[in-house]
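Read from first to last, the chains carry the letters A, B, C, D and E; within each, the first residue is number 1.
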Amino acid sequence: MPAVLGLLFLVLPLVGLLVRTPWTSVPRLLAAPDSLNALRLSLVTATLATVLSLVLGVPLAWLLARVRFPGRRLVRALVTIPLVLPPVVGGVALLLVFGRRGLVGSWWGLSLPFTTAGVVVAEAFVAMPFLVVAVEGALLAADLRYEEAAVTLGASRWTVFRRITLPMVGPGVVAGAVLCWARALGEFGATITFAGNFPGRTQTMPLAVYLALESDPDAAILLSLVLLLVSVAVLVGLRGRWIGEGGMA
Amino acid sequence: MPAVLGLLFLVLPLVGLLVRTPWTSVPRLLAAPDSLNALRLSLVTATLATVLSLVLGVPLAWLLARVRFPGRRLVRALVTIPLVLPPVVGGVALLLVFGRRGLVGSWWGLSLPFTTAGVVVAEAFVAMPFLVVAVEGALLAADLRYEEAAVTLGASRWTVFRRITLPMVGPGVVAGAVLCWARALGEFGATITFAGNFPGRTQTMPLAVYLALESDPDAAILLSLVLLLVSVAVLVGLRGRWIGEGGMA
Amino acid sequence: MSLRARVVVERPRFRLDAALEVADGEVVALLGPNGAGKTTALRALAGLTQNRGSVVLDGEVLDRVPPERRRVGVVFQDYLLFPHLSVVDNVAFGPRCRGTGRAAARREAMEWLERTGLAEYADVKPRSLSGGQAQRVALARALAVHPRLLLLDEPLAALDAGTRLEIRARLRQHLAGFEAATVLVTHDALDAMVLADRIVVLERGAIVQEGTPAEITRRPRTDYVARLVGLNLYRGRAADGVVELAAGGRLSVDAPVTGEVFVAFPPSAVALYAQRPEGSPRNVWRGTVMGVERQGDRVRVELSGAPPVVADVTPAAVAELELLAGQPVWAAVKATETHAYPAQV
Amino acid sequence: MSLRARVVVERPRFRLDAALEVADGEVVALLGPNGAGKTTALRALAGLTQNRGSVVLDGEVLDRVPPERRRVGVVFQDYLLFPHLSVVDNVAFGPRCRGTGRAAARREAMEWLERTGLAEYADVKPRSLSGGQAQRVALARALAVHPRLLLLDEPLAALDAGTRLEIRARLRQHLAGFEAATVLVTHDALDAMVLADRIVVLERGAIVQEGTPAEITRRPRTDYVARLVGLNLYRGRAADGVVELAAGGRLSVDAPVTGEVFVAFPPSAVALYAQRPEGSPRNVWRGTVMGVERQGDRVRVELSGAPPVVADVTPAAVAELELLAGQPVWAAVKATETHAYPAQV
Amino acid sequence: GCGGSDKPANEPVASGSADSLTGTVTVLAASSLTEVFDQLGKQFEAAHHGVKVTFSYGGSSTLAQQIVNGAPADVFAAASPATMKTVTSAGMASESPTVFVRNQLVIAVGPGNPKHIAGLADLIKPGVKVALCAAAVPCGAAAKTALSAAGVNLKPVTLEQDVKSALSKVELGEVDAALVYRTDAKSASGKVEGVEFPESAKAINDYPIAALKDAPNPDGAKAFVAFILSAPARDAMVQVGFQAP
């Protein structure tokens, strides 16, 4: 059965990691303040990036799915660009725009690179398209007639969107947000390029893992597992519930 | 309007790149056989990885969305693991399973690491969860009663799935496949770790970009743009059509 | 005059072009066979489908007004209750959109639900309603917005006989005290007769007849209308009190008409005999029984012949005449029972 | 005996428990008010809802047989046509699932569409069908699988008067030559009378009456059924040819009954007078006009009084008596026109 | 012949003379060696007809991981002794590694040196943003050594994961200076300028090379290592900024 094969394919490597993990060094690693800082920073920035993506990305998905305008196909493809762009190049691109000498950054005053805000921006840039594409797919599959019914009841576009469209594509938005959050949590290339790597300020878990790989591969694996564990715990805790509520039969 | 802001946020960095691109060196770069090889390899492996993900991932999504079994929430969270795992660690995990001394690789005989097949495996490992989560979201939002109607007409589970469920969640599957393909196309860390960086065999575009960044950053940006251009062209060409057909009002 | 509209919609294999006028507080029933364009017409009035004609409501041209600002209440043929909102929130949705506070809107919604007898279902989700319950909620939801124009697409079709009478009576009451114009789509002649001040009959996208229920009932102009009101209807040429029917045969009538005319009479005016009857009825012809249907306390008999005709008789008569499909019988209609009127209006 | 079933379904505010038996080729109409559990019963028979009872079809116990292998055809109340398949592919879906080749299945589907008069819509998507068209396609789709048990949930509700007659006749023909058992849910008494061999009435999840259409029509046992078949129905205690009604008043009857009885008579048996009539009718009482409704060629008058009653009179009588709401009148019913029968079966 | 005993018999390898080398030599090399190794590879191919050299570049530690997990490689050229140690302690090297070049730190600054930086002490002037490598990577370790030798307590804005990203921060103007290898500064000449400083002598990084035990082409591996250690190759590397060991 392909579903089980698929599951094995995704889970076996995790088993491989677990088998190899040097469990004895767990206490030492977890006691290191940098690891905990990085974990906390990762969770905070990934969540903020997801919120930012929701705020900007859901309307964008709605625009792509519901409003006919010239060049929609092109815009739809442009949105997927950060998916394809190697993240490091994405980081460079962000520097070119928001950097000290960038298009926007130069008259903006405010400096994003090397700040925690920069981490959020880099993660959102890379992760938002996941949300947009997933939500757009859900919107396209939704039954338009409910929106029509709402309109005849006097609902403005915004009310229709908020009270009808959004709840009805709930599972799609949750799926998109999960993808977005997870991608942001794992983001490495764009973050290090745009925001740099400074413990406590811009060093997220993936950056800590990468550096640990250089010096102490076992520690790197352990750090990854910690990241995994926390994110799986968050997902098990939140997502099952959201989906249960947002889903419709 | 947040949709426009979101669009700007995703597209502006691209503009930044375009402004900086040293267009004069385009011909020289494109003439280099390695670049073209890498592009071809990227497209082939990303497509194969997407096909593999569809074959394994769509049934898995169906399992998660439609079959009640104990531990479903955990499995649902486990599936998202490769999203969170730093790709390099993912590559290490794959080596631990499929490598010469890995769990499976050691009695398997066949060696995946450092082959083109290995690239496909690494990309599929990283990209499949995107497909699974997107398709599962679409399945959860679909109206179950059509499936019931199909069942009363004598359709087996498989027929229902193939002829009713799948077409009705068409836009979701397309969205998932696009995400999967794009993510596979941009995959770097797991690929270089699991499959190495051999030109013509395992050196995909992101790896070539990485190398170019070492020696010639402008060339790296140019290569990224080529990758972008090709993928946007593919998406504009295919996706608009699929969505138009698969979508329902 | 409250609503003046011309709805023109082009579809691949279909063209709708109909002019509708509905006065303040008037109820117009839109009748017509399946696929005639009734739903399409309502959608055009509501602004949900592009209308190439024009809609004027209370003197205001609505063609550029988006649907959400038309203040038009719609009950959809398939209800379209919001699956994620509870029944009371479905009904409260409209008032909320018109700016009523949450609590007030829910209170108002509860009142509507009580009026439709669904108060106990206030907190369930629509998917656990039965078909008829859903339809009543849809009705309450549309009424709750106090629309200027109320569009009802078969609002009673899924209701059971009892509830139907009740809701029909309530609806009539409500519509009577209603300052708005109402357009009601229905397949049910009775609903139309009871609820509507005027009936408009649509066939293949065009209006074929309109008038008060009494006019329509007395003078149907198409087969569809005749069947709807339960009359036998024929077209023919009249001369000297005799009409040569297009469907074959001739009928003596009791009206001073000439030229193209319609002739109509109710099935109950048709008497059936085993033998050719001698007596007063001037219209007597031979037919063959095509079908017999019991309908409550009467039996409806379909005859082929020149012309074909439908007769209502008592069960006793059926037994006596041994009416079975294939049986030859004689039909008789008194000229005084027929109603003849010009085909040109 | 083809179908023997007991359907038991528990819902938060509802419990269905009904035993159904349907012979080979028999058509049973399931009638009942909204929310009575009709749809739920069909779903349980089809295997779509968990049944705590048992379903036996042709001697085979179906309780563990999944729905796709039950060979049960269902027409759903809201059709549920597959939105992504063309009309012909919707109809061909069943045959395809039963193993027919693509071309053969489409041919078969086309035949069904021709029979339902929708051949020209074969290639369109369901969303561009009108409500009635969609319902006919749903019917064709269910029939195309040659089911052993056919379950129809209000299969004619959205059809216009003409098509309804036609489809009803066709359906009757088809069901007549049908070896399968059929359960038909409807709100329309006429549909039930015409199509069904037997009627089962469901109220609040339980069966309250069953019998042939004639029995049900003659001897309704609940208000719902009486209203459905258009009779005045009362319950009371009979002694010496007089029934003391629970609803107030008394009625002389022409039957040798005693104890708890029902008394029923049609609205047409009620005569109305402005003054107290002298004459043969033994039942004469005062009432007040509550409502007047024109119904085709008759007028239905609702009276309050002891007992309340519904009368059918001619338009002429209405004019003569000046029947308006609030008007006091006298009602008269001949004892020979009443029908009294024991309340215990 | 040297070390040809465990070679599969069916492999088409001429035995005896080094001049009759054939097949492919696969070299895993630190990515900082990309340009110069590409060039040396061509020279090696020219010297040995019928031999093809394939390079797989990557971060030294990634490459070490791959070797431990059975990558089909003949030679490993690492950017630090530490990463080479991963391979040798796994018993994957067929010989003890040899240091073939060394690399020295410089201060990379923007064109024209706008902040007038002349030595490590200038890096702590107010308003000067500096990027360093993280201590876990070789250039970071070297920078740390040099800074403490100079007694400069520097607060960088970022600790980059490798030299290149530190360098690109200077190129893009995001920082005013970075401590990078001389080779890197040289390859980016035009976009950055390299400022030499005396403390760099205390923090020199060694590049070791070794043939691998499971090499599919052991003869080729030996020959390539020998070639890299030869004088012409060394000259070519000095040309691009490396130091001879």
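Basically, contacts are C-beta pairs under 8 Å (C-beta built on N, C-alpha and C of every residue); 3 or more make two chains touch, one makes a residue touch a chain.
Everything numeric in this text was worked out from a predicted model, so none of it was measured.
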{"item": "Co-neighbours of chain B and chain A - touch as defined", "value": "E"}
{"item": "Mutual neighbours - chains that touch chain B and chain D alike", "value": "none"}
{"item": "Chains most often in contact, by C-beta pairs", "value": "A-B"}
{"item": "Mean-CA-position distance for chain D and chain A (Å)", "value": "57"}
{"item": "Chain D and chain E, separation of their C-alpha mean positions in angstrom", "value": "88"}
{"item": "Separation of mean Cα positions, chain E and chain A [Å, integer]", "value": "35"}
{"item": "Separation of mean Cα positions, chain D and chain C [Å, integer]", "value": "20"}
{"item": "For chain C, residues contacting two or more additional chains", "value": "none"}
{"item": "Chain A, residues touching no fewer than two other chains", "value": "88, 92, 96, 168, 170, 210, 213, 217, 248-249"}
{"item": "Multi-chain contact sites of chain E, meaning residues that touch two or more partners", "value": "62, 65, 168"}
{"item": "Chain-chain contacts as defined at top", "value": "A-B, A-C, A-E, B-D, B-E, C-D"}
{"item": "Residues of chain A that touch chain C when the two form their complex", "value": "145-146, 148-157, 159-160, 163-164, 167-168, 170, 248-249"}
{"item": "List of chain B residues in touch with chain A within their complex", "value": "1-3, 5-7, 9-17, 19-20, 55-57, 59-60, 62-63, 72-90, 92-94, 96-97, 102-104, 124-125, 128-130, 132-134, 136-138, 140-145, 168-172, 174-176, 178-179, 182-183, 185-186, 188-189, 205-206, 209-210, 213, 217, 220-221, 224, 227-228, 231-232, 235-236, 239-240, 243, 246-249"}
{"item": "Touching residues (chain side chain B, partner chain E) in the complex", "value": "88, 92, 95, 99-102, 111, 113-114, 192-193, 196-199, 203, 210-211, 213-215, 217"}
{"item": "Complex contacts: residues of chain E adjacent to chain A", "value": "59, 61-62, 65, 82-83, 86, 129, 131, 134, 136-137, 156-161, 165, 168-169, 172-174"}
{"item": "Chain D residues touching chain C - in the complex, by the definition given at the top", "value": "11-13, 32-36, 38-39, 77-78, 120, 124, 128-133, 136, 153-154, 157-165, 169, 187-190, 193-194, 213-214, 217, 223-224, 227-230, 266, 268, 291, 293-297"}
